[in-house]
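Letters A, B and C name the chains as they come in the text, with residue numbers starting at 1 for each one.
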Amino acid sequence: MISAHRLTKRFGGFTAVDAIDVEVRRGEAFGFLGPNGAGKSSTMRMIGCVSPPTDGSLRILGLDPAKDGPAIRARLGVVPQRDTLDEELTVRENLLVYGRYFGLSRAHVRAKADELLEFAQLTERANSVVEPLSGGMKRRLTIARSLVNDPELLLLDEPTTGLDPQARHVLWDRLFRLKRSGVTLVLTTHYMDEAEQLCDRLVVMDGGRIVAEGSPRELIALHSTREVLELRFAADDHAPYATKLTGLAQRVEVLPDRLLLYTDDGDATAAAVARRGLEPLSVLARRSTLEDVFLHLTGRTLVD
Amino acid sequence: MAGRAFSFWLTNYRRVWRGTLISGFLGPLFFLVAMGFGLGALVDDGVGGGLGGVDYVRFIAPGILAAQAMQTAVGESTFPVMGALKWQRQYHAMLAAPLGIADIVLGHVAFVAMRVAITSAAFAVVAAVLGAITSWWVLLAVPAAILTGLAFTTPVFAFAARQHDDSGFNVLFRFIVMPMFLFSGTFFPVEQLPGVLEAIARVTPLWHGVELCRGLVMGTATAAGSLGHVAYLTLWAAGGLWLAFASFRKRLVT
Amino acid sequence: MSAVGTIARALPVPAGAGLARTLVERNARAFRHGWVTLVSGLFEPLFYLFSLGVGLGALIGDIDAGGGRTVEYAAYVAPAMMAAAAMNGAVFDSTFNLFFKLKYAKLYDSVLATPLGPRDVAVGEITWALLRGLLYSTTFLAVAAAAGVVHSWWAVLALPAASLIGLAFAAVGMTVTTYLRSWQDFDYIQLALLPMFLFSATFYPLSTYDESVRWLVQATPLYHGVAMMRDLMLGDVSWGILAHVAYLSVMGVLGLLFAARRIERLLLR
């Protein structure tokens, strides 16, 4: 579906995307994981054919975006990072007008709009203007809008950023349904739970480069341990405790507010910590996540 | 306390005053030159007979003085008020400051009056330099223009505080301000209008402002007439202020 | 459409999908919600016409419209009001409205994710501005004719003439808009428009000016719009009118090319 080779985007002297190689296959859900400024959105804009690559090659649906932008975009659905709904129109009109931009017939978009309103659970709000809708509703409308042309490939840039947990789960449910119906999903996110929930395969980006690639499980297996033990101490600086913990875990990360001990058995490690006479304020043993993978790969947390 | 609100707007103005030069000062000047001198040549020499011996440019200079006071006042009382209520929410910050509703309104109204004073004075000076105004009574015409501005400022404050989007302003500009500008005696005596329209023109505050300014600079004013215009304009300003207090209280204190 | 596509690719014209009409459709829908604004735009030129034509006209009487013709002042000023209204409407649409859509509503960010390209955006927005202008000029012409200030059947051509004025100003306005940074910059547009409105032989003949400044007046686009309109509505048509048409056409085509280029630069980064 997407084939990028040494794909590069520069803005003046700043390199936003630095020679990345990406291969996305039909029917899969593919994720770009990384912090803000990693180059995810620039990559998405190039794939969406609204930002010409500075260097490298890019083919989407077997076509060249430089020559066949309109033809490619006709088969894409795009959910931008910020909702760009048309606030001068009603909810239904947003879908109707957007469908017309694809050259679809009026009768077709009318039927399609009803179907999508149902899908986005917005049927009751069909004739409301956009402005008073909640963040979750607007996001669902943006996703519904991106589906008006029955896209083969759906690009989602930070689909759930800024939504409350319940709204996120509703959205994830909708995206699962799309995937089941055969739509290829490409999404960016800086939430590791989202990436784990939704993506079959993902790349981790940092500073415009791809630093790792694989399924969430593969990445965790390769770059982290099975479990993580989180310790909080009654101190402003956690670094001195790290030295007292040597030998208890495969790796220790010091964060401003806590220590992370990478281990295959969190409970056993917790017991070992207690035996050394240390008394943390709180102890939490949990599974490794992509956050840990990212921390290991870049030395930074995703959301900071 | 109202002084604090005033000085806030003044500080704000120091950053954007250049842009207001164009709308506030050059605009009226362009109108004076184009209408007064260009069109004036047609009026004065016209077969229609003109204004019976009075130079057209001297006729419209005080008219434009009053009309620009109205336009500056309305311009400063619409979007800035809505912005301070809705977008930048400066009024809310002032309420938390703590200023009362009256301080907030009076402070802002005083700032608008100052803006009207500056543009009116600047226009009067230029009109005098160009020979369109020759009487020293212009020194009283400038305060008259400020009063005209106030007669619009306070009712428009009251109106603006009741608007939730700018579509009402469109109607205000196009159906109230623009027709007043064109028909309330600025460019020709209202006697030229058909009877009903003339009657309507005579109740508009702008007509009273225009007549007051014109009477002063052309030396045709009578004490009774002038005081009548002043009283009428003051009534609008005071009534508007009362309404503005009510509107602001309703919008800000809920 | 593919033939058009091939030609478009060969020329130095920004990409589009030939779907500009769908953007016109979008604007028409949006305006159903804001029809008060749309209708209110009808009145401004009419107010001017009656204020100047009727109120002032009585003081002025008949005037020399050039070429030895003497007409009442209302008939003299009506074509100028129609030309100025076409200019103002087009500039308002292509600057104020466009700036809002570009910078605040981010409308085109979503539009360009569809097959539509920057050329479609430019063509679509200008087409809309022209259609809206046509509504205004038709109304104005009908009222002017009813008021008896239209003197010739040539005046029917005043409608396409108004559209030509609209095109020229909308295209240039659009280009200028792509350079604006904040709302305060709109004061500078006002600074260009108001003197043009007042001094382009709109309210009084070119001969009022001293010989030395006439060329300056004649260089402004509104002068050509007004002169063209006046020839048509007073029925004083000669080959000379083609010079006005040519001036405005060149301005429109160049403006359109630049506008689409600039929009491409701005949106397809």
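We adopt the following convention: contacts are C-beta pairs under 8 Å (C-beta built on N, C-alpha and C of every residue); 3 or more make two chains touch, one makes a residue touch a chain.
Only a predicted model underlies this, so the values are computations on that prediction, with no experimental measurement involved.
*Asks:* Once you've mapped the touching chain pairs, tell me: line, ring, star, complete or other?
*Replies:* line
*Asks:* Given the contact rule stated at the top, which pair of chains has the most C-beta pairs in contact?
*Replies:* Contact tally peaks for the chain pair B-C.
*Asks:* I'd like the Å distance between the centres of subunit B and subunit C, where a centre is the mean of that chain's Cα atoms.
*Replies:* Distance between chain centres: 30 Å.
*Asks:* Quick check: how many Å separate the C-alpha centres of subunit A and subunit C?
*Replies:* A distance of 47 Å separates the two centres.
*Asks:* CA centre of subunit A versus CA centre of subunit B: separation in Å?
*Replies:* Computed from C-alpha means, the inter-chain centre distance equals 56 Å.
*Asks:* Check each residue of subunit C and list the ones that touch at least two other chains.
*Replies:* Answer for subunit C, listing residues that touch two or more other chains: 34.
*Asks:* Could you list which residues of subunit B touch at least two other chains?
*Replies:* none
*Asks:* Okay, in this complex, where on subunit C does subunit A touch?
*Replies:* Subunit C residues touching subunit A: 15-17, 19, 22-23, 25-26, 29-30, 33-34, 105-107, 109-117, 267-269.
*Asks:* What residues of subunit C sit close enough to touch subunit B in their complex?
*Replies:* Listed in rising order, the residues of subunit C that touch subunit B are 34, 36-37, 40-41, 43-44, 47-48, 50-52, 54-63, 73, 184, 187-188, 190-191, 194-195, 198-199, 203-204, 208-209.
*Asks:* What part of subunit B is in contact with subunit C in the complex they form?
*Replies:* Per the touch definition, subunit B meets subunit C at residues 16, 19-20, 22-23, 26-27, 30-31, 33-35, 38-39, 41-43, 46-51, 56, 167, 170-171, 174-175, 178-179, 182-183, 187-188, 192-193.
*Asks:* Under the touch definition given earlier, write down the residues of subunit A that touch subunit C in their complex.
*Replies:* 11, 48, 50-52, 69-71, 73-74, 76, 78, 80, 82, 84-89, 93, 96-98, 100-103, 129, 145, 149
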